[in-house]
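Pasting the structures in now, so scroll down.
The two complexes that follow have chain A in common; it is paired with chain B in the first and with chain C in the second.
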Partner chain A sequence: MVKLCVLIAAVSLLPILCLSFSPDNPTDRRVLVLLDDLSLKSSHSIFFNSIKSRGFDVDFKLADDPKLSLQRYGQYLYDALILFSPSTDRFGGSLDLAGVLDFVDSGHDLILAADESASDLIRNIATECGVDFDEDSSAIVIDHKSYAVSETEGDHTLIVSDDFIQSDVILGSTKVEAPVLYKGIAHSVNAANSLVLKVLSASPSAYSANPSSKLSSPPLLSGSAISLVSVVQARNNARITITGSLDMFSNRLLRSGVQKAGDSNKYSKSGNEQFVTELSRWVFHERGHLKAVNLRHHKVGETDEPAIYRINDDLEFSVEIYEWSGKSWEPYVTNDVQVQFYMMSPYVLKTLSTDQKGLYHTSFKVPDVYGVFQFKVEYQRLGYTALSLSKQIPVRPFRHNEYERFIPTAFPYYGASFTTMAGFFIFSIVYLYNK
Partner chain B sequence: MVGKTEPVNGSVKQAAMSSSSSNPSRSDLLSSTFSLKSLKLKTKQQELLIRVSILCLVYILAFITRLFSVLRYESMIHEFDPYFNYRTTLFLTQKGFYEFWNWFDSESWYPLGRIIGGTLYPGLMVTAALIYWTLRLLRFAVHIREVCVLTAPFFASNTTLVAYFFGKEIWDSGAGLVAAALIAICPGYISRSVAGSYDNEGVAIFALLLTFYLFVKAVNTGSLAWALASAFGYFYMVSAWGGYVFIINLIPLYVLVLLITGRYSMRLYVAYNCMYVLGMLLAMQIRFVGFQHVQSGEHMAAMGVFFLMQVFYFLDWVKYMLSDTKMFQDFLRITVTCAVVAGAIALGVGTASGYISPWTGRFYSLLDPTYAKDHIPIIASVSEHQPTAWSSFMFDFHILLFLFPAGLYFCFKRLSDATIFIVMYGLTSMYFAGVMVRLILVATPAVCLISAIAVSATIKNLTSLIRTKSKTALTTSTKGSSGSKASSKASLDQSQPFQKNGAIALLFGAFYLLSRYVSHCTWVTSEAYSSPSIVLAARGAHGRVIFDDYREAYFWLRQNTPPDAKVMSWWDYGYQITAMGNRTVIVDNNTWNNTHIATVGRAMSSYEDEAYEIMRSLDVDYVLVVFGGVTGYSSDDINKFLWMVRIGGGVFPVIKEHDYLVNGEYRVDKGAAPKMLNCLMYKLSYYRFGELVTEYGKPSGYDRARGVEIGNKDIKLEYLEEAFTTSNWIVRIYKVKPPKNRW
Partner chain C sequence: MARSLAGFLVLILAISICDAASIFQPISDSHRSAALDLFKPVDGSFASLEETYEALRTFEILGINKKPDVSTATCGTVSKALSSSSSTPKDLFDALRVNSILKCKINAEVFEGIISKLQAAVSGASSLHDFYYSIGSLGLIKDQTSKADLHLSDAEGIFRSIKALSQSDGRWRYSSNNPESSTIAAGVALETLAGVVSLASSEVDQSMIGIVQNDIMKLFDSIEKYDDGAFYFDEKVVNVHEHSGPLSTSSSVVRGLTAFTTVATGSLNLPGDKILGLAKFFLGIGIPGDSKDFFNQIDSLAFLESNRVSIPLILSLPSTVVSLTKKENLMVKVNTVLGSKAPPLTVKLVRAYSTSSKDTSIIENKELSFDPERVVYFLDALPDSVDVGSYIFVFKVVLHDSERKDVYVTGTLTHVQIFLTGHVKIGNAEIAVLDNDLGTIETQRKLDLAGENAVSLSANHLQKLHLSFQLTTPRGSAFKPHQAFLKLRHETKVEHVFLVGNSGKKFEITLDFLGLVEKLFYLSGKYDIQLTVGDAVMENSLLSEIGYVELDLPEAPEKAPRPPPQAVDPYSRYGPKAEISHIFRAPEKRPPKELSFTFLGLILLPFIGFLIGLLRLGVNLKNFPTSSVPATFAILFHVGIAAVLLLYVLFWLKLDLFTTLKTLSFLGVFLMFVGHRILSHLASASSKLKSG
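And then the complex of A and B:
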């Protein structure tokens, strides 16, 4: 009876357990979308539907909803946040700039899209993530060479770009063939931030200015310094996407055909859909999420992990690395994982060999130096979660009885001392009893 | 030991009374009158009884006068180094000797670690552990801490016995008794041997005096057994304290002086050879010493004198074989020249090839007091390595300072092998005491012994003067302190009419001086030398105020930080953090790696962002600083800060001392150097201090330790956050923040 109760309880808890975010299931489940205007819900429905169809709970709220709250009783209600509310000056409810940043700093994901009307709040969030939108609030990206060809000549603010980041992890293994249509503001990545990456850059001929007024001074941002879409993977592996174009996600641009100016290739469908979908997959940890578990080490010939090593011990080291496929943990196979045996500087640096099933192992000799060492695995690859493991282990010198007791080079000394002793003994006897 | 301590604790009041009101000669007055009345004893037996009872009283007195610290505070370990000794003793008693011997400590000197077994003098720990095990065997369930606390007083008591025998050996038993009484309460010795001062010196002074006594005994008797005993005494000394180098240099020097003054004898040959060879072999068994004993420059004098002895013996033999004196003179000249040249060549080759290591910095700084100041800031930074001020001689020796030259006079008047030794011991150790404050300790036994000779000889002369004139009642009372039978050979001039009165006056003067000495010693012990320095006391408006901030901070560390957390602090507090906080430290009081200490010094004297890089590279989790601005506690990190700068700058030239000074002046107020106002140590010490009003009528942020208003009241920390500040702000602990998440 008791067992049955436990079973029922377990079964009923199972879906809740599955839904909640956990290291075992890094994929986001609950997404909050903040909008300026609920009409965006329909105008960007393709993007939202693709998220929904992948099994996410998408919750739409107005950005100034007075009941807006990301957390309740210290628990976050959402795993990811999509800010499609560029013109919001203040969020409703208790949410503010710090609230959004805390949300990210506690390991949750963020997609932020701005446009010409981007408010200071949205700009500040971006700045805190290492992305600076063009300070001129009327400026948008203009490109007179790689703009999208359309019936009307226009002001070349609907530009096309195919300068993607070279990463299968971020953008998926299928190449985005068609260029991406972009209409929005420019931003640059902060050079001081080592974590931010440009995913989609503007062409060298782009610049950021007000299209309706005459350009009086050189634009602040121009050429490939302009980033159109940037991503940040924080140190806690929270992922952030920032773009200056909300239209990029819209049904209109997702559906429209594209032809780059001066290019005869005409695509019936722009690359936007594939681009934003794949990017959202990456942001929501459906791809490129690694975990390293079971960091083990032991002496050769033993299985238990010792509390301390001795210098010149032979040891075996292993770690298991898995990649999240969106549904399950699959072995991560590569040949460039390295382990350091580290004390202020790496004394041993070895590439781990893999058994193709996720287990990486190697063996090496502890250096002839004592101290407090660390096994360190620092694996940072573009797009993948950064693996940074360290395990402390002291290394001691020989004990007094671990040295070799008799060494051949010392035989003359042994001989000398024993001869002296024997000689002294004989001398004493002769001296004392031989009158 | 417990069996002994209990009555001692019970009779503290009485003992304090007797120690403050009289010197031991009064107690023997009581006992002698008692014994005279009740028992019919022969004079010799009476004298023995008096002597033994005096010694017993002195023995107890030496123990109980050191218990002030326990009465004033509690039974606790004092200061810095004793905490390391306590921790190792605890380890020894828990894990056994072999584990102790092979102990690799990964909790200190992170990440280098320290081989404890090979870098300490185990004598103290083994002694305490043996006492502990003996008591356990006798079913006394004592805690190891109590044993550690009382080890130093116990050994101080034993030292009085050795002092008695030593005094008896070099002069007579009267001098021995006075020496025992003087050394029992001499502040110079008490400063390092109060209850709780569980440091190497506590047992080392006993071992030092024992070795010297046994060696002098061996020289006097020429007995192999005494020489062997002195070799073992030396072994115990080597196992207990690095100061054994003093023995291994003083004894050869003494032998050399005897050789030069033509006092070479077979007794000396036997004593020195046996002591040196066996002592060396035994000393090499201590891992920390090992082959240093035959390879390092400090030990070479002993070896040279050893070979010189053989040359002398050889020459003696040749002289005995040769009848022709002229031939012998030539032979002597050739041999001595050859021996000296051979020795010089051997020394030169050995030093050049690196086989003989040069003198260490500490040794240099002993011979040349200015050496450390110019070359080794880490030695110069320790307060107990400073040259001694005159006042501290007066403070530690009191009347002995005046009796010492008088004693030397008596020694020279009756020159013998033994008195030559004590004179040399006295003079060399007095020189060293002048070089370094802490070496007053080494000089103390010599000063006590020589002063005892002066006291004893004077009193004896005076009393014999009085006794020969007329048998007064005074005779019995002074007889005890003169100790032995009054010598009738003292030549007296009968023609002086005021001689008797003068002698009595002088005698009273001597007693007055001695009683002043007793009250001075008791006062010094209770007021100055019984402070544990880990618990601070101050006089407040409502009596005594206790600042127990150190322990508060260390227990906070123990309870609130992860077990593998690394704490960075200036090295002074390293031992205490590991012993009481049980956390890993970057540097500690075993200052074996100057670079590592300099790295910490550099971090403390850098700007916060630079310091953060250094702290990250050392995996530092917490930073601990000691700050006395609120309480007026002056030995805090801000006052030590210039040494951090100097030590850091000695290795990393980017740290420059003059960046922290304004016109050569060290200040923390508004006129301070900009680098000073923004370095890590300043920020950590004065963080949030600007908001605090410490003294009525003074502006906020008034630093009471330095008496100024601080210059930077608006301190913002970027890479660290305050984790804990003790109730009187003496210890402040900061947590190093992890790197920023999004940058």
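And then the complex of A and C:
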């Protein structure tokens, strides 16, 4: 009976499991959006519609929904979480700070947007991800040099920025032409955390302060140290986007035109839509997710993989790398994939050549040091998921009969022995039978 | 619920941040383009008749001419819905609503059939929605067919049965067996009652209308308010249903209210500021991204614009940032909510005061001039005493025609935050290095902060760096910007920000390096100097790289704080690594082959000499045994020796040690046997010779 129940449960869960995030199909499928207020659904509808139109199953919930839960029976119900609930002090249901962090730690993705009303909970989530929002809760980003020219907003808190990270994988191959409108709070990235990247930085003249009160001490954050949008790619390839502006995703700023102060270029549409759409594609693993398969090696002239190499053997190495395009695995073409022949430290580190179809190959001579080596492909590039493959292979020295046998230099010695032997043979006959 | 209200508040505050002085812009062209984006028909028609109505109604209100043509496909759906016998009152209602806009050709018999069906539905109705759809449909038929004789037989009875669902606080229940009362239902009920009144064959009892009007007043007691003057209705019961937010609730009430006031004869004394507040609420939402919300917003605003009780007028400013330097005029627009022209009126500036000092007014009681061409009211010129800064302007709208005062509501006073900006003069900028003890100037440079500067200074920890400049507003008074930072950036990208303080007109900062060595982490070297001066009202905010100062600081003591770690450049962190190739052990050095072969030849010489020596000595083999048995043994003995020697050659050429030793052991035994035989034979032969 129990078995039957388990079977039924397994069968009924099967379609859910098949649809969800998996190594073969790394794009997220089910997205949970937590809101302070359901009206955000309408005021940020362009962003949500672009996610829905890409085939995501978007579930909207209030952040204090008492039935809120990310997992059931140890299985996560969602692949990605969008926290558009800056003022939430406590999540409803069983979700808490640790719950969100566990969600990320198990390889799921997160988009977090805060604003001036950011609560301690939201700030703590950001801090755990390596991003520190300005401690002064009344401070917002002000920029008197690169603000958006606006008829109705005169306090220069609606700023523009076009200081993007130079990465096609994070922001798409089409350049974001128009600057991005931003209105919100500043954050800085933890310098000790190498996984956090500033995607959008403020201009050198920006600072984070309360616009309505006089400054009594220098601002904690100023200039290009202010990050407006940051991303984290964790070691388990979970991706996180953190920004201090919820308005950045709003229909109002997505539709709005933009003109930077002191710049005669007027764009009819801000770069926000392209920016947030491309960023969400990256976060949801629709781009920049790599896989490496068919790691192969063999001696030159052979095709089978040997169990062991001898020192000074010539070998050929190949690996195939593919990038997930959101729908299928496409060959990944680049020229900087490297292989290491590694024992404690790399003995050989060689850049692989590619056939432009995803196959990377090279050949090299096994070093004249024996021991247990590894073929290592460690590929870490800005914005791409990290590839780390290794395959162990022992290397042995020459066997006794594999050394050189007839060394010309030794011929005088051989000659001496053999003439002595011949002499002995003749001498023994002569000595015995001479009369 | 409080949370969701707070969220809405944040949203509205985000749209216009200054809470005391929000401006609400009337519906404009951005709404029109958004409407075309939101309502997009698929294959020439919308998903449902309800959606079709919402789209068509929105287009109609906004006056969009380039709307998608859906009439052919939709008219077919409408007539099918009307003639189908299985249509519910709601289907009929939606179809008739669409028809009221599209004006499809529908047979008169079809209407006859529906009328009797609906009449029956009205008399058998029990829930509010049944009443609403059937009475609404009948009303729509009356409008569309100009049937003057279409009446409800028992209007008063129906009126009473609907009224029976009302609650004491002005809200309504959906049906008699559902105890939960709702604000949306109140709006629906009011709309239904309006329908009943207009369909009644005789005048409905005035006292009953009076009771309903009383209910409306009670309903308005439950209205809620935002800080910025917007009023809205909300459901008291928390219900995470799709469309039951403040927008749909307020929208339902507005629809019911305007419908009821249109038919009811008695006057209703609704407070004008609440009607205006409702209008502000709908406008404050901005452009919703949801088609249902969009329709609710536009439809409600249209009802507010055309209602009989009070039409809200919205005071808006095309621009709240006014440049003093460019001599821009402050302009004010007064429109209805949908952006159409307001009746003749005067806009008065009651007073204006600085945000920092609320008590002193800079302007009082000034009337704005009217520009009929652009339909704007403008302030001719600001008095000379008005300087750059942020101000609150308080406006009042006064209607010319005193009779229309009852029709239009304008609100009492409108507070608007205005930024008066200007070009701030920067002068007397200089930077100097001072000696600590005496304060004598060692090096001093003049700066042109608006232009390029490349100052190079050097100082040690006993000296001071002094920077000073003056800021003057266009009106000649001292200006204090919000942002006046001096930034020192070390080569290692460690940054230090200092606030530049002011004393009167002059801004100055003195950096005493002796007191700062700890803060500078004892880092000697080149520091770039950057000055940022900026303010919201300063048109020429500047970020100027002044140059650098070469600092010579003492060595850091052991316990000195370390500079914070700087972020690694992400581009360099991820590049490919340098290639490594293994360096193989070099092969041993060997002499050339020729030399080896020469020595091989030399090695052979003694052997040849030995052979020649033997021949010279004249060796013979006369001692070889003559008898056959010893001769055989002798031959075998020497063959054995040759075999052993050959074995050695083979060992060298190809055999391994084990094969060689095995063979050698057999050969050895054989050799010993034959050797013993031949040697003993030779020994006995020689002893015989000696003795003999």
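Here is the rule we use: the second predicted complex is superposed on the first by the 390 of 435 C-alpha atoms of A that agree within 3 Å, B and C clash if a C-alpha of one lies under 4 Å from a C-alpha of the other, contacts with A are read in each partner's own complex, and residues count from 1 in each chain.
Going forward, a contact is a pair of C-beta atoms (placed from the backbone, for glycine too) under 8 Å apart; a residue touches a chain by one contact, two chains touch by 3 or more.
A quick note: this is a predicted structure, and the numbers were derived from the prediction, not measured.
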Contacts of A:Cys129 with chain B and chain C, given as first, second, both or neither: first
Greater chain A contact set [chain C / chain B]: C
Contacts of A:Asn434 with chain B and chain C, given as first, second, both or neither: second
First (chain B), second (chain C), both or neither touched by A:Ala192: both
First, second, both or neither for A:Asn251, with chain B first and chain C second: second
Touching partner for A:Arg72 - first (chain B), second (chain C), both, neither: neither
Partner chain(s) touched by A:Tyr414 [first = chain B, second = chain C, both, neither]: second
Intersection of chain A interface sets (partners chain B, chain C): 192, 194
Contact footprint of chain B on chain A as seen in their complex: 101, 104-105, 128-130, 192-195, 232, 234-236, 238, 240, 308, 343-344, 370-373, 392, 394-397, 399-400
Complex interface listing, chain C residues touching chain A: 3-8, 10-11, 14-17, 23, 25, 30, 34, 240, 245-247, 285-290, 293, 317-321, 355, 390, 417-419, 421, 482-483, 485, 487, 495, 497-499, 530, 532, 534-538, 541-543, 564-568, 570-571, 573-582, 584-585, 590-591, 593, 596-597, 599-600, 602-604, 606-607, 610-611, 614, 619-624, 634, 638, 641-642, 645, 648-649, 652, 656, 678, 682
Partner chain C, residues of chain A touching it in the complex: 35-46, 48-49, 62-65, 87-88, 115, 117, 142-145, 150-157, 165-166, 183, 189, 191-192, 194, 197-198, 204-205, 207, 209, 211-212, 214-215, 217-219, 222-223, 225, 246-247, 250-252, 255, 312, 336, 338, 340-341, 346-351, 364-365, 367-369, 380-382, 401, 407-412, 414-430, 432-435
Residues on chain B engaged by chain A in the complex (per definition of touch): 98, 101-102, 104, 106, 110-113, 115, 564, 584, 617-618, 738-743
